[in-house]
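For reference, the structure discussed in these notes is given below.
Every chain is named by a letter (A, B, C and D) in the order it is written, and numbering of its residues begins at 1.
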């Protein structure tokens, strides 16, 4: 644990697009909801001077900057929150960690494994010095999913045998939607698998409390060409993917992702089947956890819709009275809370997922791709 | 209990329209599903010779007849099943009971209270002789509602304090739908209140195990005129109604019915709130009972969707394996089963609802109408 | 329209309990989400010096004060946001309006009609001077309910004939829950009816675009005594209530509220039935609007679950991408947005509901109580 | 088309267990619901004299027999309905077809491909002579699934790109549930894949109107040993399986089946995603079809819950009024109707699925198994 400075923890955020907006909301909100160390929203960083100035004003940061290296060097900055595109994560995160800062890095950890490995080395060195290196799989901080994890840890499901996760979206249904950097392998790394499949696989491992040991995978590009400025261009990433996973605790899991699932807006569904119970979750109704207690009398058994808004539920004491539901953005405040508590309490409240968790997840994703390339053969991790 | 004859129980059914079809289905099915006394579908009775002959053939009855009095007099007839319009119930039921037959009478018991009282006298005299006089509030035989009743009786809900029932349909939404006998007070008795509100109030009393003691009511005719053959005619029955009920166990209940609830096809919903639990049911998903156990740990509390298809559930052992749902019609087979068992076992398996239950219910309906006529004043029963 | 000052609009908020927290969240958030006039969270006011100081710090206000009169007099305060208990609304609101400030007043407008009438006079005088006097029925700003209103206004439902609203909670199920000021008529004004029934009736009028003209009502106190410090005390407000309403456009509506509905956490349900369509909403799933288009081909008709998270939906362009749901609190930011826009744009964007709407609603609530006192007789407004 | 005899079509049913009960219900019911050629339930056949006699009585067949060969030879038998275990299908079906009878054979067609091929040869020869050889994938006759097929055929979904099907049950969750013939490869052929996965794949092909051309599969046995009379025995069939399918119209599909999905009773879910719309279905709510029209205005788009009980819906005109739901068993009556109409109308109303469809499906299942045996490699059909 580093000594928490007497002054507020200074936050610097790199990036101000979608994730920057969501993280800003969290930094503005966290102290009103939770008992956390005091913070100051010192500086927001971006490449475009005018745009970042406007963002600083709108998102309520004290200052703005176009020079992340200078910001990282500042004495009054304690936490660096990285919301840039993935290909910039490694350079910034490693520099920030080496400068002695706590780091929160948005997922995915990095665009390739070599970078991710370097980041893990920097993170583990920093952690040994008492810094926190946190990876942002924010859905772990959705109260219903945190409760699901708790139920599994408490043994309410017995031994976990089978899981199913799907993450379905529909923003590529229109075959005339234009080509973009997100659909090119060189710029995006991967397609639906890396973008949303990573969430699905993270939940599988996190909820089961088990690690993936073997993978069979399949990728598909259902619309292989899209209009570019100079005519049709090939789509070089997957727009749908499937994987079958073996876990080290004996469970099996399936994953399916798609950007072509007409009518699915942001539908991450997770199902966990154990010997004593089961759980179901749907991100489009994120305040509900469906729990089945298989030890209840048969005549009254079934899935119970738990509305996760009670003070007894994870994070909820900080929010509103029972029945007053939370939105997608609240998970980011919960995440900020956990990060600040980890900074304050050190090894008593270690932050998860770590950079290593991110690297491990990247290896699972790589294995899915490798399996598909090997005509579906099992890839062992 | 009458001595069950060595020969099969002979069934005669009067009426062959909608209810006649449903009851025929039950008589054809009951012995395949349940252990019941043997029956024979002897004769179906109607006024139109050709139509009833066709119905006998189609619905698989041995004979047909246009003379219900002659049929009732037959030695080989043991059970008279009355599926005629309500205004014929009293005459037929009384005659059949006096002829020593068991009677199943479709709801409503009668079109007016005087008739209903005469029917109760006949029924109680017959019951004293060992006959069964059964009234057909078939929804009591929907397994999920039977299970709901069981849960209340078993104390799973604690003390019942509040109930809500609504029965919503939409077949009169179109203001140009033509005038019919169902919309005239003289032919139909009442409108939505009597037709579907009776089901709602029967469920309230049956589930609560309490009787209505006081009523405030309101009726409305939202489309006051409809096209007749010679121009617009006044609609003289309610197409929507509301009532607030006090029950003798201290509970309060509300009822709402409508034939104008656009998009509601046949939606009877019932909610029961007790000190230890609660129940919800919707007739459009009749295989589900939603049960909340308020004594469960808060963190896992919520409504449990019980799929009522387990052998442990009422009537289900007779049907299909778990997860294989029943339809609306199965409740009629369950009803036939209960009637046959009541005939076989006499006071060990008394049939409910009785004609007296039907009379009591009629009085509640009358009280709703009287309250509305008295500008909403409380009517005590 | 007042001239918007060149400096930011100065906000003062009176009260820092539950509603104060929710409004603070909105004031911190509104400018990040919407294009609105610049604001400054100048001062938060409360009676307890230490507590309000702590709240100012936690909720991120520049200053705190215990003297609302002094605050209202300040030159740099433009908007007074009243989050106090209801009995203080009149005095503060009138003073603030007379001091030339814009006012946002939480519901209910006042604890009695005389106060409410004085507030309306002050508000209408102020409005004539270009000030905004806004009443906080925040649920109107839930996007799904705003969309519902839009659908009705656009004629998608045709003529509205029938509405149903219920607001069910369960926090008084336990008969041993102690007596409190909320359960005494002199301190709370009324019980469930005023607290949550007001929301239900506001939605009915707002969605229908019709005004209540006549009422029949009923109140009940299901647990008539509760433990006080010196033994049992009588509960003198309703814990459940029912009303049947006539509206000036010809529709009829029912309302039911309860604090005894075991398992209902914060369940405001609204149903609207029209000649061409219907709508359903449930506050426990506030991102969904269920819409039935009765003009669609029968074979594909039914309730459509609209996930109200598209840029085309009210308020949504300001928030997150499709499928990323909002929580209860976002409606307060939407409300702050509408207030600031009304201040900026004056009669081009008049704020609704007005204080007069609040008075009218209070009269409907009073009529329900009067009807119950008159044994259910119709009370005309 | 054969000449329909003047006398009723004589039905013989071989087998009287679960499927025999369901088929009997259908034969007793079909003529009451539909306009079909007249039938007579002539004879039910089984191996155990007493048991089949009891079944004949209970299920209301005229006669019983223990000699299926003699029954098939009877002049008065026109239709042979085969409800035996799968390993007997080939012998009986081929004999019956060669004897000139119409045949309805329960799924699966046969236990191995060689038998299935022989059956197809017999069926195609018989079809050429005007007989009907029908395979019983009864779920095609669930009205909601028939409607789904209609919607796809009518182009309401546009081009089908992606499908998902899962069939989840939980009857093997208990690891102490004893070993049985269903869990041995030699007696059962396969496990969950063949038993329930066949339904899922049949729906995928039927709804998409496309054929599977390539397969990747995986099988798992999550509880590898179960108690036998003499100690633990190995389970030699799959209790969970996954497959990824390519279809000849360009769609991709996934299938997942499990007998270990705690809390899933009989949950076949099917999702179909097209360029203009989407469909979802769940066998535990079989009267609902969820349809999304992606061409509707965005602001009102979403999944519509179609309650499939309107006269405009497939098969429904024969049943009950709108809102009166059907059960699992009604699909068997619908199947009997289609078979009788096919017998009556010949090539004007050809029956589907044919024996060849069953063989094709068997080949897909075999490909899944082969793929798993080949470490997930793609198997082309």
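Assume a residue touches a chain if its C-beta (ideal position, glycine included) is under 8 Å from a C-beta of that chain, and two chains touch if they have at least 3 such contacts.
Since this is a predicted model, take the numbers as computed values, not measurements.
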Return the chains shared as contacts by chain B and chain C, ordered by label.
A, D
For the pairs C-D and B-D, output the one whose chains share more C-beta pairs in contact.
B-D
Would you mind checking which chain's C-alpha centre is most distant from the centre of chain C?
D
Separation of chain B from chain D, taking each centre as the mean of its C-alpha atoms, in whole Å
35
What is the distance, in whole Å, between the centres of chain A and chain D, each centre taken as the mean of its C-alpha atoms?
42
CA centroids of chain C and chain D: separation to the nearest Å works out as 54
Multi-chain contact sites of chain A, meaning residues that touch two or more partners
301-303, 307
Quick check on the complex: what are the chain C residues that touch chain A?
18, 21-22, 24-25, 28-29, 31-32, 58-60, 169, 171, 264-267, 283-287, 307, 309, 320-330
Can you tell me which positions in chain D touch chain C when the two form their complex?
147, 151, 156, 291, 293, 297-307, 310, 312-313
Would you tell me which residues of chain A are touching chain D in their complex?
157, 161-162, 164, 166, 170, 173-175, 216, 218, 220, 222, 240, 242, 244, 252, 254, 256, 258, 260-263, 271, 273-278, 292, 294, 301-303, 371, 375-378
